[in-house]
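First the structure, in the form of structure tokens, and then the observations on it.
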Amino acid sequence: MDSTGERRGGVTPYLELRAATRDRDRSLRDKVMSLEEAAKLVSDGEHVSLGGCTASRTPFAMIWALIRRGVKDLAVSRSIISTEGDLLFASGASRHIMTSWFSQGIVWGVSKVMRAHTESGRARFEEWSHMAMGLRYKAGAMGVPFMPMRSMLGSGVLDRAEGARTMECPFTGETLLLVPALNPDVALIHVQRCDAYGNAQLDGLTFMDVDMAMAAKRVILTTERIVSNEQIRRAPDQTKIGFFTVDAVVEVPFGSAPHECYGIYEPFYGHMDLYAAMTAKDPDAGAKAYLERFYHEPKNWAAYLERIGMAELLDARRRGSSIYDD
Amino acid sequence: MTTETANAPDAAAYTGSELLAVMSARLLADGQTVFAGVGIPLLAAILAQRTRAPGLTILFEGGVIGPFVEPGKLPPSTNEQRCARRANMLVSITDVLLMLQRGYVDVGFMGGAQIDRYGNLNSSFIGDAERPKIRLPGTGGGNDIASLAEMIVAMKHEKRRFVEKVDFITSPGFLDGGTSRRDAGLPAGGMFRVVTDLGILGFDAETRAMTVLALHPGVSAETIKAKTGFPLPVPADVPVTMPPTDHELGILRELDPERLYTA
Amino acid sequence: MDSTGERRGGVTPYLELRAATRDRDRSLRDKVMSLEEAAKLVSDGEHVSLGGCTASRTPFAMIWALIRRGVKDLAVSRSIISTEGDLLFASGASRHIMTSWFSQGIVWGVSKVMRAHTESGRARFEEWSHMAMGLRYKAGAMGVPFMPMRSMLGSGVLDRAEGARTMECPFTGETLLLVPALNPDVALIHVQRCDAYGNAQLDGLTFMDVDMAMAAKRVILTTERIVSNEQIRRAPDQTKIGFFTVDAVVEVPFGSAPHECYGIYEPFYGHMDLYAAMTAKDPDAGAKAYLERFYHEPKNWAAYLERIGMAELLDARRRGSSIYDD
Amino acid sequence: MTTETANAPDAAAYTGSELLAVMSARLLADGQTVFAGVGIPLLAAILAQRTRAPGLTILFEGGVIGPFVEPGKLPPSTNEQRCARRANMLVSITDVLLMLQRGYVDVGFMGGAQIDRYGNLNSSFIGDAERPKIRLPGTGGGNDIASLAEMIVAMKHEKRRFVEKVDFITSPGFLDGGTSRRDAGLPAGGMFRVVTDLGILGFDAETRAMTVLALHPGVSAETIKAKTGFPLPVPADVPVTMPPTDHELGILRELDPERLYTA
């Protein structure tokens, strides 16, 4: 966020927000492009928010493309950030992540890469409560400068949260917290299916993605598959992200590997163990080696998946679809 | 994870984590709604559901209401499909957290890294916030849960974890005790129980300082005091808990055969 | 609303709201009962909110049962209210309706019954903007005392809206409107299907029902059919109203007749024309005659439907299911 | 509804409502997002979509984004399934109205019962608010749309409808003119065009008072002034609109064969 934004708790003034929306081409048009083309829509220094949560529907293919492109100094936000946070730090794509929780996952212990970067002051992990993250996106989605809420009060998290303000409720006299709206420059969201226009239908857990898409100034969708607009129109009540918010649609099967995509594949646990092992002893060298092997050497997304391995992919796929077996 | 069974009265029979899970499961009542974190809280909630509280409704932060988690298929966090299996309802993360705010949750249930005498929890920093010795993963939903629900915390009882004052208040307990929590704008919820591998702890109704409510079999008042970094009152007639039964342990081991969370 | 409530713009203080929720049995339990039993859960003078909008999913069966029971002095709220508003006034069940729009529908002109009651001062039509109604329920659903918004400012609607307040935004300096939370005593919502516990899955248009169920202190669901909990659990992402908010489940086929229920039946246009004709000349006498003929004389809901007529029902059913024909 | 064709230049060729629908349809541009009310606005939006603006996205207050309304199956309001047919997306009412607030709507399009020189609309009361002579149905989404989007209003041109000052501001135009709208906290949107059966009206960029931009064929400056309850400037060289074409009328009549909205 720019310095003007910081003074207002990061809130984009209303007319500026409206102007940014007005100037977009929001019509029903084909937005299909390649991962590499979509990666060009993100500029150094922008605020990029990531859909999904922890090890679910992480927009890994898009992050992969951005890191390969060498994008720099992104401010990144997500509800809960996992390995992708490590890799954004380690690659230099970001030195500032705003989230409620940052680690690979409880099973793998506290992230060594996150620790190495934050404890040395090389990068910033800005911590908000999980609900605060959600309500900041919600305020952004609604076009209001803040949301009132009732947690974070009294805590150290509030002391360190830039821009949150307490207020005496004019109706009840109660103490409330006002958290400032987040309107990311770009939201990266991975979905099970969408049409060429960007109408996305999500299955299962939606996390903060629906609000995030409405809040963002641009949205890049990666999708397991592109379906026809006719298919979307047969069940419009299943559309969770509307085409009008979307600027790019990229078809990337297994686009959130090694994380899961609800109903299609579960996390690639073997690969996640491998990452944890590679970064356990020397986080910097380990992350560098990991990026080299999985991000820079493969020449495309299929080659990346190949490195992870076919057996893992098939196993993740089998476990993923099992949610519909009952 | 390393196996820490030193505190358990009978190391051969169950691990410290199993003891935690069993003891906290027993605090949950039928018909309640419990907001459970991953790990021990998740295991304990399912254990309660399969024993004394079949009508327990479990909520997960990922946006899950009333699921059945399949034995042997524990999720890596509360945000993957394993959490959602056969749920009654899936909502957004923000909406499930708002259920706490709306008052729909009876009990919040999570683990803790560091706690102080007023039940404040730290999962953000060890050392200084600006240049921490250890940067921990942070609040997640912990702050929201602790701000808005009656809390059960399950954690290992070690002196370095039970400290006079936490380095940082990630999730509010009773803050500085007395009415300070309410005064800060948190009129609802608050610490209810802390379950450790040594005993069950509660909080004084006035001062809001931690007290011992029960000790696990074989644990002495001296032991629990020695492992606590602040003065901890132990009543003379402190009750002793019933050890985990084979039935309880059997369910836990069926749920977590790989010992992801109960090693 | 009681007088204490009015002083705060109708906002229920937080601890009072939490106590009301805490004291409910929110467990997963069978809540199936008859229309008559459910009607007993509503008391004179309570604030009752109605799900659906205009001629869609109006909880007519429940309103029918309440009017037959002779309930009095309800404060009623709905996003947009149609004929049921007329009948609530005419039957004496309510003298105070809070909504954004009140008439049978544009095709039938301005409601004569509404006019007769409001112009004579016999009843009150409290007008809020449509978004304000939505955000008032949303604030109630979220457990906060208000929502900030950007419409109604400068208008006569604001001048007459009790409890709305303007505010200078502490982040941006912009003028905002704060609308007070609505937490209805009871929400009556008609759905396509739910289980015996009250897990409801809505098809198509959801209106304000999802927020309304969360906002209300009690919820009475009427449903076209009761399905198994197993069926609900096979698609939990389709559940829009959770069992924990619900206090009663009543199976009433065609429970929103003569209005529509998305995907099942369209409005019974012939009957709606009949109502308009009956109330066109002498609204008081016409509404009285209508209530007698369709509300008091039929001995049960099937008899009510019989009076409307089988041919109309079949036609409405055919038109209703046609949305899935494409 | 009674048929009112007196104002139409060629009463035999089309009704006043058809004229309104055609003239306002022509104001919509391809690629725009229009929030349309039921009745003339709905018909005009569909007409635009089928003629010059195939990429027009229509929103309905019921929570509908980008539907295809089937000819001959017009909905009774914007809240029934006929509005939702083959839509791209269905959302809650609150969410579709929030799209206006978020700035996703280019044009708001509705009918009006009473309007004043600053484009303020009244659909709430005729007479006194406390004891009205006529209680009208109220704002619906009108206030939200007029507060948050550029507006097109389609209405019959009658002196009792075009008044010096509306009895009640249901939906804000430019309030008292000048900067008063912005000063009241409405920095975005505002009246763009009023389409009547006599002509097309706009608003002065400074004073925000209504002016005539074009007259329909056969309508004189005297006629439109005589039917307006406040001084209405008509430029000497005021353009004349092109009459509705057979193609446009044909589409309208296919859409509304029963003349529900075009009688």
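Letters are used for the chains, namely A, B, C and D, taken in the order the chains are written, and counting of residues starts over at 1 for each.
In this text, a residue touches a chain if its C-beta (ideal position, glycine included) is under 8 Å from a C-beta of that chain, and two chains touch if they have at least 3 such contacts.
Here the structure is a predicted model, which is why all the values come from computation and not from measurement.
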Chain separated most widely from subunit C, comparing mean CA positions: B
Distance between chain centroids, defined by C-alpha means - subunit B, subunit D (Å): 59
Whole-Å gap between the CA centroids of subunit A and subunit B: 29
Separation of mean Cα positions, subunit C and subunit B [Å, integer]: 41
For subunit D, residues that touch 2 or more chains besides their own: 64, 84, 86, 90-91, 98, 101, 187-188
Overlap residues in subunit C, where contacts from two or more other chains coincide: 14, 143-144, 149-150, 174, 176, 204-206, 233-234, 237, 326
Touch-based graph of the chains, sorted into line, ring, star, complete or other: other
Pairs of chains, among all present, that meet the touch criterion: A-B, A-C, A-D, B-C, C-D
Complex contacts: residues of subunit C adjacent to subunit B: 14-15, 17-18, 21-22, 25-29, 141-144, 197, 199, 214, 229, 232-234, 236-237, 239, 242-245
Residue numbers on subunit D that touch subunit C, as the complex places them: 1, 38-39, 61-64, 76-82, 84-86, 90-94, 97-98, 100-101, 122, 124, 129, 131-144, 147-148, 168-172, 175, 180-181, 184-188, 260
Subunit C - residues contacting subunit D, complex: 52-56, 79-80, 99-103, 105-107, 109-111, 114-115, 118-119, 121, 125, 127-132, 134-135, 137-138, 149-157, 160, 166, 174-177, 204-211, 260, 262-263, 266-267, 269, 272, 320, 323, 326
List of subunit D residues in touch with subunit A within their complex: 30-33, 55, 57, 64-68, 84, 86-91, 98, 101-104, 106, 187-188
Subunit A residues touching subunit C - in the complex, by the definition given at the top: 8-9, 11, 13-14, 143-150, 163, 165, 167, 169-172, 174, 176, 178, 180-181, 203-206, 233-234, 237, 326
